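As written, the chains take the letters A, B and C, and residue 1 is the first residue of each chain.
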Amino acid sequence: MNTLVESCLTALTLIIGFDNQLLAVILLSLKISLAAVCLASLLGFPIGALVAVGRFPGRRFATVLLNALIGLPAVVVGLFVYLMLSRSGPLGELGLLFTPTAMVIAQTVLITPLLAALARQVIEDAWREYQEQLISLGASRPRAALTLMWDTRFSLATVVMVGFGRAVAEVGTVMIVGGNIAGVTRVMTTTIALETSKGELPLAMALGIVLVAVVFLMNGMAYVTREWSMRRYG
Amino acid sequence: MSENLFPLVMEGVSFHHNGQTIVDNMTLCLDGATRTIILGANGAGKSVTMRVLHGLIAPTSGRITWGGQVARPLSASNKQAMVFQKPVMLRTSALRNVTYALKLAGVPNLERLARARQAMVRVGLGHLESRAARVLSGGEQQRLALARAWALNPRVLFLDEPTASLDPTATREIEEIIAEIAAAGTKIVMTTHSLGQAQRLADEIVFLHRGRVVEQTPATEFFQKPRSPEAAAFIKGELPWI
Amino acid sequence: MDLKNRRARLRTFVLSLCCALTLNPFSSQADEKFINLASTTSTEQSGLFGHLLPLFEKRAGIKVRVVAVGTGQALDQGRRGDADVVLVHDKVAEEKFIAEGWGVERLEVMYNDFVLIGPKENTAKVAGGKDIAVALQKMASAQTAFVSRGDKSGTHAAELRLWKVAGVDLDKAKGPWYRDTGSGMGPALNTAASMNAYILSDRGTWLSFKNRRDLKVVVEGDTRLFNQYGVMLVNPAKHPHVKKELGQQFIDWLVSAEGQKAIADYKIDGQQLFFPNANNANAATTTPTTNPAKK
C-alpha cells in the first residue's frame, strides 16, 4: 500500500513540476502512437470496409483472418519488424532500426489488423441497413465502402481510440525496434519497464499513472466529440 | 443502346430461397405509361418481385428484359430509382443526401446543386436543406427519399410499401408526390397493403398469389369485378363491404 | 460538392499530420553525428553511460546512442551490423567475435566486480566470506534459494563459470532451489528480493538498485569475481555502413587518459564502480578499494 501512496504523490509532483524529461518522453509517446494510429487507419479502414461490402472469393476467409490477427502478439510483431529493419535484413539499407520511425512502423503493423477487423464489423452492420438503397442508387462496391467509411465516422472514431490505446500501452514491440535509447527512442512504457527493472518502483508506478491519465484524457476528448456529432447528425 | 426501355418483361422468372419458392415461374409484362400497383397477401411474393424487376435480386431462373434487351446490372445509368418502406439516409444534411445520388449518376457539380434544390422544393422540403437528414420525421424522410429519386429523373420508379410506417397526413403527402411524379412521365411500380391507396393511385393492378401472377387488370375493373376467385377473396377479406 | 471537398480536405489534413509526425522525429536526427553502441543492461543501469557519454559528446560532438541488451544480444547486434561499437563483459565471447571476423580489435577498457547478494538472515551461512567458491559449494549443498539470470548475459556467463570453479556440477545439483528467470539484472534482483533468495549481481546495478528489501552483500572481493569489459569496433569490411571514423573516435577516447579518468570518477554513494585498465596487463588481479561504509 505504501508504494501505491508514494507512487500517487510522485505522480502528482511529476505532473505539476512539468519535469522536462518527463514531458519529452510523454510527447514522444504521443507522437509515435498518433502517427501509428493515423497510418493504421489509412491502411486498415479501407481494408475492413472492402471486406465488409465486397463480393469476392475468400471473403469469409479474409474476415476470419482479420479477426485472428487482432490477437497478434506484440513481441512477435516487434521481432518481425526488427528482422526486417536490421542492417542484415531486407530493409536494412534504410537505416531505420533504433529510430522513432521504426517504432511507428512496428506499432502500425501491430494495430492495423485490429483497426481493420473492428472497422469491418462496424461497416458490415451499417451495410445491412444501407445495402439495398446504395445498390439501387448504382453505387459500386468500392464506392459504397467509401461512403460507409464516412457515414460510420463516429463509430470509427471510437475504433481509432481503441487502436491508440493499444499502441500507446505497448512495450515489447517498441523496446525491440527502438532500443529504448535515452532521449531518442525512450517512451513512457519503456521508461516504466526500465525504472521497474532498476527497482525504482514508486517512480515506475507514477509514470504508469501519468500514462493512464493521458490515455484517459484522449478518450474523454474523443467521447465528447462523438456525443456532440451524434446529436448533430443523428 | 436502345432508349426504348419498355415493355419491361419478366420471362419465366423463379426465385427460390432456403428451400422455399417465393416467385414461381412468373411471367409479367409492364408498359411505360400506366401506374402499376402490385397487390397480394403476405407472402405472395410482392417484395421479391419488385426487387427482381429493379435488379436488386438475381432470379434463380428466367430473365428480365427491357424493351427486348436483357437487363444490365444495376448502375446509376439504368434510369430507375427505388424507394423503400423505411427511408435510408446518410449521416449528413438532407440536401447532401440528394446530391450524393446525383453524384453517383454522374451529374456535374453545379447542375447537382440546382436539381437537388428543385427536387426538395417540389416535395415541400425546401426549408430543410441543411437539416441533418436522420433527425427529420418519418414522413419528412420519406419525402426526402422521393426527392432523391425524383432528382434522378428516372424513367421508372419502384416503391415498396412507401407509406406503411406513416400516419394518414404524411401518407396523403406522399401519395400526392407520387401522383405528380407519375404525371411528369415516370412509370410507377408500387406495392401496398392498403386497398384504399391502391384505389386512389393505380391505373392497373397486378395481383399475386403464391408467387404467380393471377390477374393483371385495369384498376377500376379489378375492384368491382375481379376475374379470379383469389382476388375476389382478397378484396372481400380487406374490404368486406364491397 | 461540399461533401467531396470536405472529405478531400480532411484526407489532406490527416496525411500531412501523419507525415509531420513521422518525419519530424526523424529529421531532427538527420543532421547530428551519432553512433550506435550496443552494450549491456548492467552497464546502462549502473548509470555509467549517463555520466560518461555527455563528457564524450562535449569533447567530440558525437552523440552515442546506447542500446542496452544482454551481452549475447549485444554481440548479435554487432554481427547484424545494427551497432557500430560493442562494449560488453564476456572475454570468451568477445574473442570469438573477433576470431569470426565481426570485430576489428578487442581493447580492454575497465573492470568492475560481481558481488554475491543474499538475505540478511544468512540462511546459507556464507555472509562475510571472501571465497566465492566456498560460498557456492555451501549454497549448492544447503540448496538455498538462488536466482539466476539465465539469459546468456555476461553476468550469467560469469555465474556459470563460478559454479564450475566451485566444483559444482550444476546439471546434477540443479533443483527447485535454483530459479532460472531468464531476465535482466534488475528484474532478477526484484525476483530475488521478493523471494529472499541469493543472487550474483554486478556491483553497479546493486548500488543503484532501490528495491532491496531484506537483501545485502554477503560475499565480495574474491578476485574471481572481477569482471573485465572489452570494446570492439564492428568490422566495416563486413558491414560497410558502419561509422568507423566516429566509432573509432569513441574507442580512442575510452582508452585515453581523459576517458579512463572519467570512468574512474564515476561513483555512487562515494563508491567507485568501474576501474579503468586499458593498456594494463595486470587488469583482473588488481583489488578494487572498497569503501567500508556500504549497505
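Worth pointing out:
Rule of thumb we're sticking to: contacts are C-beta pairs under 8 Å (C-beta built on N, C-alpha and C of every residue); 3 or more make two chains touch, one makes a residue touch a chain.
Quick caveat: nothing in here was measured; it's all calculated off a predicted structure.
By the count of C-beta pairs in contact, the leading chain pair is A-C. Across the assembly, the mean Cα position most removed from that of subunit A is the one of B.
Comparing each chain's Cα centroid with the centroid of every protein Cα atom identifies chain A as the most central.
Our note on geometry: subunit A versus subunit C, Cα centroid distance of 32 Å, whole angstroms.
Separating the CA-averaged centres of subunit A and subunit B is a span of 46 Å. Averaging C-alpha coordinates per chain places the centre of subunit B 77 Å away from that of subunit C. Touching two or more other chains at once are residues 92, 100 of subunit B.
Considering their complex, residues 28, 31-32, 34-35, 38-39, 41-42, 86-89, 92, 95, 97-101, 104, 150, 179-182, 184, 194, 196-201 of subunit A touch subunit C.
Looking at the complex, you find that subunit C touches subunit A at residues 7, 14-15, 17-18, 21-22, 24-26, 29, 36, 41, 45, 49-50, 65-69, 79-82, 184-187, 189-190, 193, 205, 208-212, 239, 241. Per the touch definition, subunit B reaches subunit A in the complex via residues 51, 54, 56, 74-78, 80-82, 84, 88, 90-92, 100-101, 104-105, 132-135. Within the complex formed with subunit B, the subunit A residues making contact are 129-130, 132-140, 143, 147, 151, 153-154, 232-234.
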